[in-house]
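By letter and in written order, the chains are A, B, C and D; residue numbering begins at 1 in each of them.
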Amino acid sequence: MSVAVFGASGYTGGELLRILITHPNFNVTVATSREYAGKPVYLAHPHLKGLLSLKFSSTEEALRKDFDYALLALPHGFSKDIVPSLLGRGIGVVDLGADFRLKDPSLYREWYGWEHPHPDLLEEAVYGLPELHREEIRRARLVASPGCNATATILAAAPLVNLGARKLLSDVKVGSSEAGSKPSKGSHHPERNGVIRPYSASGHRHQVEASQELSNLAKEEVDVSIVPHSVGSVRGAFASVHAYIEVEESVLWRAFAKFYSGEPFVRIMQKGTYPNVKNVLGSNFADVGFSSDPSLPRVTGFAAIDNLMKGAAGQAVQSLNIMAGVEETSGLKTPPISPV
Amino acid sequence: MSVAVFGASGYTGGELLRILITHPNFNVTVATSREYAGKPVYLAHPHLKGLLSLKFSSTEEALRKDFDYALLALPHGFSKDIVPSLLGRGIGVVDLGADFRLKDPSLYREWYGWEHPHPDLLEEAVYGLPELHREEIRRARLVASPGCNATATILAAAPLVNLGARKLLSDVKVGSSEAGSKPSKGSHHPERNGVIRPYSASGHRHQVEASQELSNLAKEEVDVSIVPHSVGSVRGAFASVHAYIEVEESVLWRAFAKFYSGEPFVRIMQKGTYPNVKNVLGSNFADVGFSSDPSLPRVTGFAAIDNLMKGAAGQAVQSLNIMAGVEETSGLKTPPISPV
Amino acid sequence: MSVAVFGASGYTGGELLRILITHPNFNVTVATSREYAGKPVYLAHPHLKGLLSLKFSSTEEALRKDFDYALLALPHGFSKDIVPSLLGRGIGVVDLGADFRLKDPSLYREWYGWEHPHPDLLEEAVYGLPELHREEIRRARLVASPGCNATATILAAAPLVNLGARKLLSDVKVGSSEAGSKPSKGSHHPERNGVIRPYSASGHRHQVEASQELSNLAKEEVDVSIVPHSVGSVRGAFASVHAYIEVEESVLWRAFAKFYSGEPFVRIMQKGTYPNVKNVLGSNFADVGFSSDPSLPRVTGFAAIDNLMKGAAGQAVQSLNIMAGVEETSGLKTPPISPV
Amino acid sequence: MSVAVFGASGYTGGELLRILITHPNFNVTVATSREYAGKPVYLAHPHLKGLLSLKFSSTEEALRKDFDYALLALPHGFSKDIVPSLLGRGIGVVDLGADFRLKDPSLYREWYGWEHPHPDLLEEAVYGLPELHREEIRRARLVASPGCNATATILAAAPLVNLGARKLLSDVKVGSSEAGSKPSKGSHHPERNGVIRPYSASGHRHQVEASQELSNLAKEEVDVSIVPHSVGSVRGAFASVHAYIEVEESVLWRAFAKFYSGEPFVRIMQKGTYPNVKNVLGSNFADVGFSSDPSLPRVTGFAAIDNLMKGAAGQAVQSLNIMAGVEETSGLKTPPISPV
């Protein structure tokens, strides 16, 4: 089956290409980039030199070509305008941006500042977290694949929600690749190396989708506040989701084990050991764990992911596999790389 | 005035020496090390070569010498046995370990596993956070100087406590130098570089002293739970102290500004900007800030410190200055170094 | 075909397992570790949890088992004693240590301090750099696979030797994983992070094998001096091989292109661009390039490799593939991972 | 005495301010920045918040003010136009750019692409390496202070030149702060973290000034070729200067010890130990050492400096001190900070 990658010159686009190069079921036949249109892929991704002989095309050219599936790794706000025509041509779409993640159209006005042009598609779109929506993804035409902060938060929180937590504070720590491939003052190496600082710490956008999904799971309102922090890693996102409920660790263990039973990409840490981003880098794994402290009381769910894999490209391919009816882990079996 | 540094071959000891080399009021005349006794200081601290001609002595030798003040940078449990004799000789002591930080002797049994031999000295000892206990430090013979997790937590939390917060979750992120100079699996460079993972996440020791100090401030019970995380920085400790209270940011700003008014080493971030460990490295500054989110509701106090300075050696010298009646900032005026 | 990995709990051992888990032609049936004997593989390699259900065995147990090939990732000096019995049982051996790399037995006395017990096997063993010895590897029973400093040096130098260079200075820069998984003062994160310093800078052991191989290529004496440097990376080895000859860059380009024509794992940089370890991480690629300066005159060959892959485990599997008669790139097709 | 810092919003400018804040003999009264003119210094340098109440001015405003000395941390090509008027007003100038470093005006045409407008000032200007030109700096009106690659190269090479080396290959490794505070693709954190790669590897500009100074020392032609490499450090520059001469290490030690005898900022490593950038960070020290290898034969001189201190701001203040007749180490006594 043929796949087009839209927005293929950024980091997430590069990861999609990296995965698909060795994927047994898909071929990348189109890769778009505004900046690199007409140029060979290796100019944007020198690590892929010799592995892919494709040239980047513009979005316009790409839309004139044929392919079976489209993966959209575009900046927020760019997918909403091309998705309808792709769907209209019978092309299955996995969108890695935020344009189709929220069910309530008014939230786009509030959090993104624009009116959603296709509220019907919001209803149809499936939130692309297979651990919550596997069956709907199987039947979907349009998957809205979540990003790293939301993925890590939801995976760490879901078993806590099942235990009754309704107010969740997600303290997230992320590496620099999360902000993309465009240089900025905050990502300038001398400034970013060794950094520990919060960003967007009041009303983080991605808490809206985390609340939506966890409320959906609880079948009642769940409030989530995300406080993200930049740290000096390149890859990795780690969520520590705190809730003021009293649950002992053996009960937590059972809740996590039950919730993620049979999941191919979720590994559960044993009591007293914790997830570590170093153990998932380069892979689609999410390592999850927990701790509890009777002194507030407080429980915490932890999730460690590779922000470009389970937090972006890997997760999108996982949904693509499910949509396309191939093995869910196809193309995603490469073990984590460690140490790196 | 002469100073002895006990435990001078570790990182905190090295920082004490670095500060004291250029301190206008004190001379280091004794530096102890079990491992390096008899050897020149530069063997343990090659960066100080040419700046200090001292040799390390053993603890026993050191205790036979004369000096005006003693700074104890020993592992937990080692200070309690030598402090009484130092005090008996009229030597002022700043202990950087945990042996005299807790007021309630039973807590040593519970959290450290030993019976405290000198409960009377627990009563006398002053918790060495000048922002809370400046006047008592001035009159003290024995100061129990706090470490980086407690310092960052308390400085971020104190204004929130004044605003009514009584249940505080401190999500701390620290660099590798916090664990000392002894190699271990967790601090092995390939394992630690780029890491994001929790440690001691259930019942962290230092939350006991944070609770003690913040309860003391509130004049009622304040519960603190600390969840510390290792990140890939070398220096820096960052506390994000979360509380489920509703306070808007302008009120938070005033609370922080009032609480730290006149403090020589606390800098308050303006609304919408956050502390960053990169801005305090090499200095005794604590940069503090805050955010709030109406959605839980939730407020967060932030504090960024250099774990070896305001989180250890710098703070100890600040207390030493106060005790000794010299200018509080003496020897601590070196600006932060950035970028590094 | 079944493979035993000896010394499987270190970093190179972990990489061998990571590669072999998805290798279509080989199964790991035995993995040895002195430290972890009897324990599951994921205890030493938590990133491989869920991917390999093997337990470590002792060397003694392992030698009683059956397998087709043995990969030896043991410390220098340990292979020489077990290789003869493995060969005697018809097992093909790829040794990743130094025990069989040198042809002249007297060099072991001089550089390693021991008498080689099997000089006949030195004659038989093939130096496992497929770019130089592919055909001999195909017929070999015993391959002595080179490490990262020698591999990077030889790959950067070989085309220069063909252009007449006979005195080569290899200034190598390596990441911390090169020194293995055992913690030490030099690899302690606070000491290693951001470091730039030489080590073993007078008479480096691996220059002996580089001289042997390059002299063999030149059919006359080639002298190589290696000056290795530790830098703050985790993975990556980079050789800058300088020679005082005058060759212009277009001639250099042709020499490199010709030398590595058809090589599946060598990529040649275009004039004016240089190799970068970031483009080969996680893969078996060696990116090679060059520069020249008329002012001495001076030419430099550059090679960037992943020290654990083309500098260790990947190269060993490449030789294993050749020996076993399967496709040379089998199991080694995973693209480099970037950024990481 | 009052000092104006031109180009004060970059990294070198920030370091000059950091040093001068605690300098006992100088006050910064003017700091220029095109980007930040009119804004407080802490906006560009948040680490200096609370330590300096100055606002940035434009170059034009600055030139209308009075001050005793000017430190120019401007991009190459900007100093040459303002230096004559500063000198004309009796202001002593230390220029940290390249505009006055070369004696031969034709070299500006060849290496920088412009005609030098003030060849007379080239003759007058003193190359600001106190280890070579202390007495001339004392009498100078205009000091051309060298950058990090040249400083490290010359300090590592000078004793070798005295031993007869005439063809020197300087393999330099530098951290990211060397390239300044402006974000770029190459300094984007995900790209730069852990990098090892050469840059400007054919005909590096700074080898011209190194050749000039070392030829001057040798009183005959000395050829220097610099091959610089980017590594993942933030601070630090390390030169490994290789020469094909045969000298044993005890002779090398004496040559280094003699050459740098009495130098306040040069520390010589003992035989068998090597300089390390980690031991000089934050200070004006240059740690120098050497190794030799009989096999080519080859000798190497090593120098480790903090690129923003001895490689830029610290060295400029050292020259300023000498020019102004104050103690040479004034304001530069802060010990190196380690670990960081």
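To be clear about the criterion, a contact is a pair of C-beta atoms (placed from the backbone, for glycine too) under 8 Å apart; a residue touches a chain by one contact, two chains touch by 3 or more.
All figures in this text were calculated on a predicted structure; none of them were measured in a lab.
Enquirer: Return the chains shared as contacts by chain A and chain D, ordered by label.
Expert: B, C
Enquirer: Which chain's C-alpha centroid is most distant from that of chain D?
Expert: Ranked by distance of C-alpha centres from chain D, the top chain is A.
Enquirer: Roughly how far is chain C from chain D, going centre to centre by Cα mean, in whole Å?
Expert: 38
Enquirer: Between chain A and chain C, what distance separates the C-alpha centroids? Give it in angstrom.
Expert: 36
Enquirer: Would you mind listing the residues of chain B that make contact with two or more other chains?
Expert: Residues 11, 175, 177, 190, 193-194, 232, 234-235, 276, 278, 339-340 of chain B each touch two or more of the other chains.
Enquirer: Within the complex, which stretch of chain C touches chain A?
Expert: 11, 14, 18, 21-22, 45-51, 177, 234-235, 267, 276, 278-283, 333-340
Enquirer: How about chain D: which of its residues touch chain C in the complex?
Expert: Interface residues on chain D, with respect to chain C: 167, 169, 171, 173, 175, 190-191, 193-199, 201-204, 207, 211, 223-225, 227, 229, 231-238, 240, 242, 244, 249, 272, 274-278, 291-296, 298, 300, 302, 304, 339-340.
Enquirer: Which part of chain A faces chain D closely enough to touch in the complex?
Expert: The contact residues of chain A facing chain D are 11, 175-177, 181-185, 187-190, 192-194, 232, 234.
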